[in-house]
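First up is the structure itself, then whatever we jot down about it.
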Amino acid sequence: MTATAEHHPVSPVRLRATAGPGQPEPTPDLEDLYRGFEQELLVPLWTEIGDLMPTSPAPQARGHLWRWANLLRLAERSGDLVPVGRGGERRAIALANPGLGGAPFATPTLWAAIQYLKPKEDAPVHRHTQNAFRFVLEGEGVWTVVDGDPVAMRRGDFLLTPGWHFHGHHNQADFPMAWLDGLDIPFAYQTGSTFFEDGPEQVSDHSTPDRSRAERLWAHPGLRPVSQPGPQTSSPIAAYRWEHTDAALTEQLDLETEGHPGIVEPGHAAVRFTNPTTGGDVMPTIRAEMHRLRAGTTTARRREVGSAVWQVFDGTGTVQVDDRSWHVGRGDLVAVPSWQQLTIGAETGLDLFRFADTPIFERLNADRVQVEGAPS
Amino acid sequence: MTATAEHHPVSPVRLRATAGPGQPEPTPDLEDLYRGFEQELLVPLWTEIGDLMPTSPAPQARGHLWRWANLLRLAERSGDLVPVGRGGERRAIALANPGLGGAPFATPTLWAAIQYLKPKEDAPVHRHTQNAFRFVLEGEGVWTVVDGDPVAMRRGDFLLTPGWHFHGHHNQADFPMAWLDGLDIPFAYQTGSTFFEDGPEQVSDHSTPDRSRAERLWAHPGLRPVSQPGPQTSSPIAAYRWEHTDAALTEQLDLETEGHPGIVEPGHAAVRFTNPTTGGDVMPTIRAEMHRLRAGTTTARRREVGSAVWQVFDGTGTVQVDDRSWHVGRGDLVAVPSWQQLTIGAETGLDLFRFADTPIFERLNADRVQVEGAPS
Amino acid sequence: MTATAEHHPVSPVRLRATAGPGQPEPTPDLEDLYRGFEQELLVPLWTEIGDLMPTSPAPQARGHLWRWANLLRLAERSGDLVPVGRGGERRAIALANPGLGGAPFATPTLWAAIQYLKPKEDAPVHRHTQNAFRFVLEGEGVWTVVDGDPVAMRRGDFLLTPGWHFHGHHNQADFPMAWLDGLDIPFAYQTGSTFFEDGPEQVSDHSTPDRSRAERLWAHPGLRPVSQPGPQTSSPIAAYRWEHTDAALTEQLDLETEGHPGIVEPGHAAVRFTNPTTGGDVMPTIRAEMHRLRAGTTTARRREVGSAVWQVFDGTGTVQVDDRSWHVGRGDLVAVPSWQQLTIGAETGLDLFRFADTPIFERLNADRVQVEGAPS
Amino acid sequence: MTATAEHHPVSPVRLRATAGPGQPEPTPDLEDLYRGFEQELLVPLWTEIGDLMPTSPAPQARGHLWRWANLLRLAERSGDLVPVGRGGERRAIALANPGLGGAPFATPTLWAAIQYLKPKEDAPVHRHTQNAFRFVLEGEGVWTVVDGDPVAMRRGDFLLTPGWHFHGHHNQADFPMAWLDGLDIPFAYQTGSTFFEDGPEQVSDHSTPDRSRAERLWAHPGLRPVSQPGPQTSSPIAAYRWEHTDAALTEQLDLETEGHPGIVEPGHAAVRFTNPTTGGDVMPTIRAEMHRLRAGTTTARRREVGSAVWQVFDGTGTVQVDDRSWHVGRGDLVAVPSWQQLTIGAETGLDLFRFADTPIFERLNADRVQVEGAPS
């Protein structure tokens, strides 16, 4: 898939002596030395250090915008041409960051795809160690069945399929449905930590309950079932419903109006989806949040170690990543690479979904944040 | 450096419709759809799933052996041709895994290099967020000065330079010295979490104490200075001396002889270097251990999520990684990719140093181990 | 207050030589030795070990029942005779376990009291390191103002005042209100970890919002404000409303009816109030739960290290502690000492509030549970 | 044992109406109300709050000194009169704090006793959930056998018997030996968390190794056996040898002389005994430390939540607790109640052993420290 996947019958190392600061004199002896390195599969630090160890992150991934309208059009066309079933598994079409050589990686760690299911279709059951979620921009009628528990999908809902849970989907409606899938596929792929297992080709339970059993047990504020054991690796809440997310954001802005704390910065409310058994992120590698900006708000300029993908849920505005800027509307997706500066401006009231790989860096003590232009 | 670093004036996505299980019919319409994907920087899951989501890890990295004699010869030659100083920073020559496209990555996450310092040379002071250690196969006479504390380097010692600590080296001897450097450079590079800062070009303190101040404070078994605060991100023990490591391994084998527990498996003793403020690994991304096998011992066949590099410290034997096997002796280095099966056989008594990226997976709840042929 | 508080002008140690298993021969020499112990303030282990180190906990506290009707009657009478104000601070009347020498300790660690506030009264503002909660059996009209945030109190609500938060109460209604106060006063008293500070004599804010600001920020299932920092010592949810607790219990029993897991044992649903920033107990020393039994259910016989207090919220049934049993109804309170066997039988549907000191033992690795007669 | 242990055929509650700030008018009606409280086993807060909720800890325990010479003399006399065996279990004589009513409690949470074993005696094997250690002021010749592992006891050694480990002792020497036992008996007793089980009457292994197997596996600085699982509740290091403790203290004072950090305050070195699997305290309820003061040093005035016991290991000096002060020498023991101010002055060089219940408060988020007169 990427160039690094090619087979190398001979050494893949290629070195070239160059004149430059900190570099040895490019002499025939040096060239000879470099040939020796190549033969022994060795690379010196001194030729690579500028690339490998920059003074701050210089990711190959780039800030990039994908238009929802284009994604949806191509997903619909895929609905005509591509069946859903065992082998291909999902009718999912992933963002390929222009800096990552054509790989289906929105960022070096994150996968983001539009998934499309036609009326009465089933996506077959499987499980994998990659952590997954779905976020619903629009539509309804699909249930994702996670370890046998049918979870309804509706606009604004954030739904979890943590690693190694069996899951399939079924569309009970008379119309197709498309949504956003987010996973840590690139991270698992790069680090070699991927396991996958097939389940049945059809989901076991085509029932259509309004709420999942997981929600009925777990989605009560501050309450947990006494019967369930201690901290869990990932959140047991299968679905975070829009009504709760919307209410929490509304309250934050109301509290701001009343002069009380709660917002992130003026005009900017935000909630994080959390694992109620730990208070931490929903899954070990993925942070997910919903943000709401009042019309006219511009966020502080923020850099973070780690990458993120944002999707506009409602409203219009501007997203700027370093020196590139896009006007965005409903469904549009932007990839934000590590340490690139992000600012968002709200034209109308603006709701945005965000997911990021921050938990990886926090758990490895490599997180860092820089905020400029923050209100004093 | 790698192909993915190239600039792409046009979309880097290249898709080809193929017939195959789980694939849509390769028709002109499908080709047309794929052109649409390319144009929009999109990649479907169904063409990539076999590569991206294998049933178990299928890393691009390969098991590979590097001979210490060859590394040392090329390092010595570099000593003739390559100065040490600001810009190039270190006379370090890194292992390039044959499956990783020529990048100086021993594995997808780990850097391993031979570093070489000539008599009276200074390696300039810098700091970086990458976590680093040194392991000394042979020689002495160099002090690494970590945040102003000179740390002697001697055969068998394991020395730490955790992320963001200033450090330089100086060789006070009349002969050169070479050692092994281990870092998490590839991991930090791939994930975009790299910061670097220059310090002075010369180390500030050329004194040559037998033990560092960090050791004098911290390297007492089970004791900690009351003056020092709680858990620390990385171990404050600057040097783990061979005399202690050797004694601990000797005790384990003696306990085995006496019929008491302590060894990993028959004939196989092992200690892990730990952070005394947490009991965990020395640094957030790197596990380091010393193993000792009695002559004639063969280890159980073991797979782990995550990759490792082994270096023979003493003795001779055989290292087998999946279906490849090498006869190894002092200083030889072997890269072990994720989930490949490792077995080590000891011809003579065999001491091996090992470092691995396991803490990454343990902290992200993605660790998995499989042991076959373990003694019942 | 207790006998141990008396002043001892001479040594309080009193020893008596006795014949018995494991005891030395009671001779004049031994008596002489014991006089020496007394003089030097020493006590031998061998005379005390049976009391101090029993084979399983033999607490001095006893299982005991207090009738709500009696508490309420005396509280009302206190309303006539005892003002609320600085110095006395609260019109609160505490349960005194019959085994604890007259001290106002429901158990060796827990305080439980009825508090009573008349129309238009204010309870003055103070703070203390003791952790406190309120549970409302009946009534409404009082707001507890916690760090300036007015929190309405209504039937079934569970409200928090974690250690060192300023708080006062005001009754805005035209009728009095009584509720249950729970604290860790005995634990803090015995261990000498008590701090107390006066605030204003009147609460600062007599407003009467339906929900507190803390709830508006925090009481959304699985959501946390991005603006608020990491784990907090105690839950930031000021009030756990009955509507949520009731819904969660109802769901568990419904899931049981549908054949799905979630309940503790047949006919027995239970939720624990938790700190959403950790998933753990609401406060460091106190666990709080709500239990619901279907009519006719009898719980398994259960012993736990640590003590608890139960209050009937609704319904009638039987509570048995070791060999004592009481018929109970709305508001009745039962103290359950450490390791005494508890069984509850529900005559009607039965809702019970429970609080316990279990977090102390879990955090100190001294927790132990034994369940007998549990359904297989 | 204490007055609270008496049986109460009638209510133990006794209330008396008094005039005073914050108290209701003492009228016949009030007396009548108080009789009602007594009958129902109730105690009002308003009469008790001054005692129960002081502005800072007002412990019943007092600062007190016990002279080692007196303890040893009485222990020797006990050696003549009191056998060691099943039932009495140990020839141990405990400090009884003068404020605690004659109970064998050095402080409300801590037990401290001198234990005495004659030549060739065995103390029988048992286990209990209480955490225990031994500290050796002088002598040798006894082995404590912990879960079958014989641990030699020598001057300056600190030895562990964490909760629920079987242990017995045997004296192989031709002379008696006495040492300090420390446990959390009072805490376990007050909270009802005590389990006890007999083992054999004789220890199983009378061998006399120089070092225990636990030390051989675990007492290597920063190294852990790979074969041993993760964090352990208590330290697996059975003995912390004086040679290491002494060396660590010496280094701290040497570093001070050289101008480097490491000491607690000028002239004051200190090490904490820790659990190498966590970096935390050796046992869940007990902190243990060794302190060394240069001659002429006076420590800052320090208050802490929680209580401690100090024993002079070597040298002479002064210990002041609030307004009481004692001149102390080898072996003398001082109890320091919660929040009382401690200052130590060293006449000669002064080594002191300290143990405290601080982990209880740290784990329950109730720890607090105040230092006055600390050097700026």
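We just call them A, B, C and D in the order they show up, numbering each chain from 1.
The rule we apply is simple: a residue touches a chain if its C-beta (ideal position, glycine included) is under 8 Å from a C-beta of that chain, and two chains touch if they have at least 3 such contacts.
What you see is a predicted model; the values in this text were computed from it and never measured.
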Practice prompt. Report the chain whose mean Cα position is at the greatest distance from that of chain D.
Written response: A
Discussion item. As a quick test, compute the distance in whole Å between the mean CA positions of chain B and chain D.
Written reply: 44
Fill in: Approximate Å spacing (C-alpha centroids) for the pair chain C, chain D
29
Worksheet item: Any idea how many Å lie between the Cα centroids of chain B and chain C?
Response: 53
Worksheet item: Graph of touching chains, which shape: line, ring, star, complete, other?
Response: ring
Item to complete: Mind listing the chain A positions that touch chain C in their complex?
Response: 213, 216-227, 230-231, 235, 237, 240, 244-245, 247-248, 251-252, 254-255, 260-264, 270-279, 282, 289, 291
Worksheet item: Of all residues in chain B, which touch chain A in the complex?
Response: 1-6, 8, 11-14, 20-25, 27, 29-30, 33, 36-37, 40-46, 48-49, 51-61, 64, 66, 70-71, 74, 77-78, 80-83, 85-104, 108-109, 113, 128-130, 163, 185, 187-197, 233, 284-285, 305-307, 337-339, 357, 359-361, 363-366, 368
